[in-house]
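In the two complexes that follow, chain A is the common piece, with chain B as its partner first and chain C second.
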Partner chain A sequence: MLYDVLIDPFVQMVAVPDFFLQVIWEGFVSGVLYALIALGFVLIYKSSRIFNFAQGIMVVFSALTLVGLHSMGIPAIAAVPLTLLVMYLLAMSVERVVLRPLVNQPDIILFMATIGITLFLIGFGELVFGGENKVMITEQLGIPTGAFELEPFGGFVLIEQKDVTAVTMAILLVVGLLLFLDRTKMGRAIRALGDDHQAALSVGISLSTIWVLVWFIAGVIALVTGIVWGARAGVSFALEVIAYKALPVLMLGGLESVSGAIVGGIAIGILEKIFEIYWGQPFLGGNTETWFPFIFALLVLLFRPQGLFGERIIERI
Partner chain B sequence: MIFRTAGQYKTSYEADQALFPVKQDFYLVLGILLLGYVVFPLTASEFTFKALLVPVLIYALAALGLNILTGYCGQLSLGTGAFMGVGAYATYKLMTIVPEMNIFAAIFLSGFFSAAVGVAFGLPSLRIKGFYLAIATLAAQFFLVWLFEKWAWLYNYNASGAIEVATSSVFGITVTGPTALPIVQYYCVLIVVTLVTWVAINLTRGRYGRMWKATRDMDIAAELVGIKLMTAKLTAFAVSSYIVGVAGGLLVFFWKGAAEPNLFDIPLSFQILFIAIIGGLGSILGNFLGAILIVALPVILNLIPSTLGIPVDSATLEHLNVMIVGALIIAFLILEPHGLARFYAIIREKFILWPFPY
Partner chain C sequence: MGFNWKSAGCAGIVSLSVAFGATVASAAEIYVPNLSYRTGPFAATGIPLMNGQRDYVAMLNARDGGVGGAKLVFDECETGYNTNKGVECYEKTKSKAVVTQPWSTGITLQVLPRTNVDKIPILAPGYGFSPMSDGEVFAWAFNPPSSYWDGASMILNYISDGDLANLKGKKVALLHLDHPYGKEPIPLIEKLAEENGFEFLPIPVGLKEMQNQSAQWLQIRRERPDYVVMWGWGAMNAGAITEAVKTRYPMDQFVGIWWSGYDGDLKLVGEKGKGYKTISWNVPGSYPVLDEIKQHVVDPGDSLIENPEDMDSIFYQRGVVISMILVEGIKAAQKHFGTAEIDAAQLRWGLENLNITDEVLAELGMAGMTVPFATSCDNHTGHGGGWMLEWDGAAFVPVSEKLSPDRAAIEPLEAAKAAEYAESNAPWPGRSEVPCE
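Up next, the complex of A and B:
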C-alpha cells in the first residue's frame, strides 16, 4: 500500500516518459491560462486594492459576447474589436457606478461589490445571450485545430495546435503587458498607484482614468482567456470555475506580484495534473483538481506566509 | 416619545451592563418574539412557512455563525457552505447510527463535528491574514464538498449520492421527514435559533467577545496587551463553525428534507456572506435583517410580473432575478456599507430624540 502511494507513481513516470510528458504539457497549458487570469487579479489588486472576484465571470462574459456577436452575423474579424469595445464600456461603467462611490471603503466591502458585479453579469449574460452551451468560433478566428505528434521516447506525445496557439497568445500578451507596465507613461502611473495611493494622487495621477484602464486590461486578458479556454472546453457559465483556480495561484505567487502569478500559475497547472493522474485517479476517486491547488498553496503558505514572490510582511502598530 | 430613555437610572454595574439597558429595547425584542411564536404561526400559510419563515431563520443562524468569525473576530471566511455541510452530514450519520436519538440532540452534537473541522481549517489563520486567509478557507470549501461526493460512507452508500431525511418524532410529534407539518418544523427551527442567538449575544458581550473584537480591530495590539491570538482566533473558528454546523443540520432536516453535495457548494457560502454583510458585520440583529432581505427578494421579484400581468417566461425571470439581486447588493453597499443594522441604529437614535431636533 505504502509502496503504491509513495514509490509506484514515480516508477511509472520514469517507465512511461511519453505519457508523463503529455501530462506535463496538458498541465502547462492550463497553467498558462491560470496565470493569465491571476494576472488580471494582480493588476487590479495592485492598482486599487480590490480583490476582483468578477475576473472569472468577465472571462465568460467576453467569450459569450464574442460568440453572440458572431452568431448575429458579424464577421469574426469585426467581432473581436466590438467585444473589446464592450469590455471597455464594462470597465467604464464598473468604475463609474460601483468603484467611484465605494472609494475608501474597507476591502471586504469592495470584495462584496465585485461579487455583486459577478451576479449582475451572470444574469445579464444569460438574459442577452442565453444560458446554453456555445461553441467557440475557433476556425473563424483563424486558430489552427490540427495536432502535432511527437515521438521523443518511442511512444508519442499529442500536442494540439490550438494549445500551442493558446500558449503563444498568452506569452505575447504577458510580454506586451510587461512592456506596457515597464516602458509607458500609463504603465508607470499604474505602478505608482500600486506603490502608494496618496503619493500617486498628489503628483496628479488620475485615479479614475487608471481604474478604467486597469479594468479594461483585465477585460482584454479575460477575452484572450475566454477565446483559448472556450476553444478547449466550449463557452458556458461553467467556465467561471476556472476563476477559482486562479485563487490558489494568487496565494502561491502573492497578490501583488506579476512574476508570482506567472510562475505560480504554471506550477499549479502542472502539479495539479500530475497529482490527479498519478495519485488522484488511482487512490482518491478522481476530480481532485478542485481542491488540490488550494491545499498545496495552503501548505506552502504555512511556511512562507507572504507567498513565493510576495513582499515581506512588516507589521506595525 | 416612545423611545424616551430619560428616567431609567442605573444604580449598579449589573444594571448598566445588562442585556437590555434600555427598557424599550426589551419590549421590542419581546414584541418580535411574540410575533415569531404566536402571530406568524396563527396567520402564515404553508407556502409562507416553507418559502419565507423557515429559510429566513436558518440563513440568519448561519450568518450569525459567520458573523462571529468575520464580524467579531475579523477573519474573512468563504467556506461557510461546506461547514454547514459538515453539520448536515454529521447529523445524518448520527441519526443513522442511533436512529432513536432525539433529533435536537443529534443537531446540537453535530455542531461539535463542524467545530472540529472549523478549527482544523482555522489553523492557517495563525500564520496568514486577510484575503490570503479567505482563499485558504476556500480550500475547506472545495475539499469538503469533494469529500461529501466521494466518501460513500457519509451518505450510506446511496445510489443517488444524496442524503434523505428519515421520519423522526419528538414526544410523539413527527418533526422531520415528508409527513412533518410545516408549522411543527417552524417551531423546531425557531426554538433552536432563539436558543443559539441568546447564547451568541451573551458570548459576544463577554470575555471571549471582547477578545475577538480586540483581535479584529488590531491583532498585534491585542497580542501586546496580553490576548492570546491563538485562543482568540481558534475559539472564534470553533464557535462560528459550531453555529454554522447547527444551521446546516437545520437546513437539511427541517427545510430541504434531502441534500446533494452541491447544495453546500460555493453559492451557499456567498449567500451567507451576503446576508452577514448586507445585514451588518459585527451585529447580531443585522443577520436577521439581512436574511429577511435576501430570502424575500427573489420571492417578491417572482411575484411582481404575475401581479402586474406581464407575461415573462420563467427562465428570463430567473436571469432577471440574479441580475437584480446583484445590482441591489451593489446599491446597498453604496448606500450603507455598514449594513441594515446601521439603518436600525440611525432610526433608533432618531426616535430617542424625536420630536425634538436635539
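Up next, the complex of A and C:
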C-alpha cells in the first residue's frame, strides 16, 4: 500500500512521460486561466482594499456582451472595442452609484456591495442576453482552433492552438499590466492608493478616477478571461462558477500581489492536476480538484500567513 | 439580441395573472407550481425545458380555457438548481399546490419525505430517485415514463447489442456530475458489472470543473474505456463533448442519458460531435401539438421563447411532454372524481392511473413524440422505454427502434433500495393512508 501511494505514482510519471507532459500542460493552461481570474481580484483589492465578489460575473457579462454584439451583426473587430466601452461604462456606474456613496465605510460594507453588484449583473445579464449557452466567436476573433501533435518519448502530447493563444494572451496581459503599474503615472497612482489612501489623496490622486480605472482594467481582464474560457466550453452563466477557483490562488499568492496571482495560479493549476491524476483518481475516487487547492493553500498559510507574495502587515497599537 | 422586453413583459403578466387569480378566484383554478431554474450554472438546459412546460399549459388555457373547465395557474419558483432554494420553493408553494415538480434529484430527495406528510404528489418525469417507481412504498412520488435505472439499462443493452454478456472483459466509464443526480445510476451499473463481468469506472465531475474537464478526460485517455456513458447536466454536457472532441475519443462509443442529449450543447461542436448518442423518451420533430402552441401562445407573443425555431429543440419538446403527463393526470382525476377543481390527493390518484396509449398521443397531436406508458398502484414509472438518438452534425435523429429496459435485472434492486429507504426513514407510511384501489 505504501509503495502504491508513495512510489508508484512517480514510477508512472517516468514510465509514461508523454502522458505526464500532457498532465503538466493541461495543469499549466488551467493555472494560467486561474491566474487571470485572480488578477482581477488582486487589482481591485490592491487599489481599494475591496474584495470584488463580482469578478466572476464580470467574466460572464463581458463574454455575453461580446457574443451578443456580434450576433447583432457587428463584426468581431468592432465588437471587442464596443464591449470594452460597455465595461468602461460599467466601471463608471459602479464607481458613481455604488462605491462613491460608500467611501470610508468599513471593508465589509464594500464587500457586501460587490455581492449586490453580482446579483444585479446576474439579473440584468439574464434579462438582456437570456440564460442559454452561447458559442464564443473564436474563429471570428482570429483564434486558431487546430491542435499541435507532438511525439515526445515515442508517445503523443496534444496541444490545442486555442490553449496556446490563451496562454499568450494571458502573458501579454500580465506583462502589459506590470509595465502599466510600474512605468506609468496612473499605475503608480494605483499602487500609491493601495499603500496608503490618506497619503495618496493628500498628494492629489483622485480616488474616483483611480477606482473607475481599476474597475475598467478588471473588466478588460474579465473580457480576456471570458474569451479564453468561452472558447473552451461555450459562454453561459456557469462561467461565473470558475471565479471560485481563484480563491485558493488568492490565499496562496496573496491578495495584493500581481506576481502572486500568476505564480499561485500556475502552481495550483499544475499541482491539482498532478494530484488528481496520480493520487486522487486511483485512491480517492477522483474529483479532488474541488478541495485539493484549498488544502494546499491552507498548508502554505500555516507557514506564511500573508501568502507567498503578500505583504506582511504590521499594525501599531 | 437586445433587451428582452418580451420576456420581462411575459414574466410580469404571469406574475400579475397569478396574483389576480389568487385574489379574484371566481372560476375553477388548479395551481400547478414548477420549481424551475432559469438562472445559474444550469440555466442553459433548464430554460428550454421550462419554456416547453409553460407553453403547453398556456396553450390549453388559451385554446380550451384550461383543463376540464378549470384554468391552470402555472407558477414558477426559481431554485437555480440549488437544493436549499428548492426546499424553500416547495414550502412556499405547498399550501395551494396540487403537485410539486422539483426539477432536481437533490431537491426530490429532500422533499420526498415531506410530501407524505403534506399529501402532495411529486411529479419527476425522467428524474429523481429510481426506486420511486415502487408505488407500494412511495405512494406520493411519480417518475414516468422511464427512470434513471431504466435509462442506464437501455444504454447498456444498446452498447452490448442486447446481451450484457457481450460486455464481459470490457470497461465502461460513467462520467457523471458529482451530485445526487449524477450518482443515481451507480448502484445499478455496479450490480450489472458484477453480474456480467465488465469493469465499471465512475468518473465524477465537480460543479467547478464542469467547464474544465481536462483531468477527467486525461483519466479517460489513460484508462481507455470501451464506452463512456455520461450523466451530465448544464454546462457539464458541453464541457464533456468539447473535451471528447479534443481528446479524439470515438464519438460512437460515447452515450448520454436523456439530460445529456441537448441539441444546444452539441451545436457548440457541430460536425465534430457526429456519432454521439443519447437515450431519450422523446423524439424531436414536427408535431401537430407544436402548431397549436405556435398558434395560441407563440404567435400572440405569450411565450418566453425568442424565436419560433426554439420550438424545434429536443428539450423544449420534452418540456411539452412533461406538462402533457401532468395534464393527463389532472384529466384522469377530474373524470374519476367528477370535479373540475381537483385537489392534491385526487391528482395523486390521477397520476397513479395514467394510460398514455398511442391513441391518446395521436388525439393530443403527439403521435410518436414520446413513449406510450401506463402507471398503476405498484408502478409509478410506467417504464415506457425510449429511443437511441444520434447527433448527425446538425440535429438528433433516432437510430433505434423503441428500446425497453431489462426490468428483470432492475426490479430486485429497486425493491431492495425502496425497502432500505423506507427502513432508514421509519416510520415510513407507505400505502397505509392511501391503499391501492
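Operating definition for what follows: the second predicted complex is superposed on the first by the 316 of 317 C-alpha atoms of A that agree within 3 Å, B and C clash if a C-alpha of one lies under 4 Å from a C-alpha of the other, contacts with A are read in each partner's own complex, and residues count from 1 in each chain.
Here is the rule we use: contacts are C-beta pairs under 8 Å (C-beta built on N, C-alpha and C of every residue); 3 or more make two chains touch, one makes a residue touch a chain.
This one's a predicted model, so the numbers in the text were calculated from it and none came from an experiment.
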Quick one: classify A:Tyr244 as touching chain B (first), chain C (second), both or neither. both
Looking at the overlay, what does A:Ala113 touch: chain B (first), chain C (second), both, or neither? first
Going by the contact rule set out at the top, does A:Met72 touch chain B (first), chain C (second), both, or neither? second
After lining up the shared chain so the two structures overlap, which partner does A:Ser257 touch, if you call chain B first and chain C second: first, second, both or neither? neither
Once chain A of both complexes is superposed, is A:Glu126 in touch with chain B (first), chain C (second), both, or neither? both
Which holds for A:Asn52: it touches chain B only (first), chain C only (second), both, or neither? neither
Is A:Leu284 in contact with chain B, with chain C, with both, or with neither (first, second, both, neither)? first
Counting contacts the way the document defines them, which residues of chain A are shared by the two interfaces, the one with chain B and the one with chain C? 122-123, 126-127, 131, 244, 285, 287, 290
Please name which positions on chain C make contact with chain A in the complex. 1-4, 7-8, 38-44, 46-48, 178, 202-212, 214-216, 218-219, 221-222, 234-235, 238-239, 242, 246-248, 264-265, 267-268, 306
Along chain A, where are the residues that touch chain B in the complex? 51, 97-98, 101-102, 105-109, 111-113, 115-124, 126-127, 131, 244, 247-248, 250-251, 255, 284-285, 287-288, 290-291, 294-295, 297-298, 301-302, 305, 307, 315-317
Which chain B residues qualify as touching chain A in the complex? 70, 76, 124, 127-128, 130-132, 134-136, 138-139, 142-143, 145-146, 149-150, 218, 220-221, 224, 266, 270, 273-274, 277, 281, 315-316, 319-327, 329-330, 333-334, 337
Parts of chain A lying in touch with chain C, wherever the complex brings them together: 19, 22-23, 26, 29-30, 33, 68-69, 71-72, 122-123, 126-133, 135, 147, 158, 160, 229, 232-234, 236-242, 244-245, 272-273, 276-277, 280-281, 285-287, 289-290
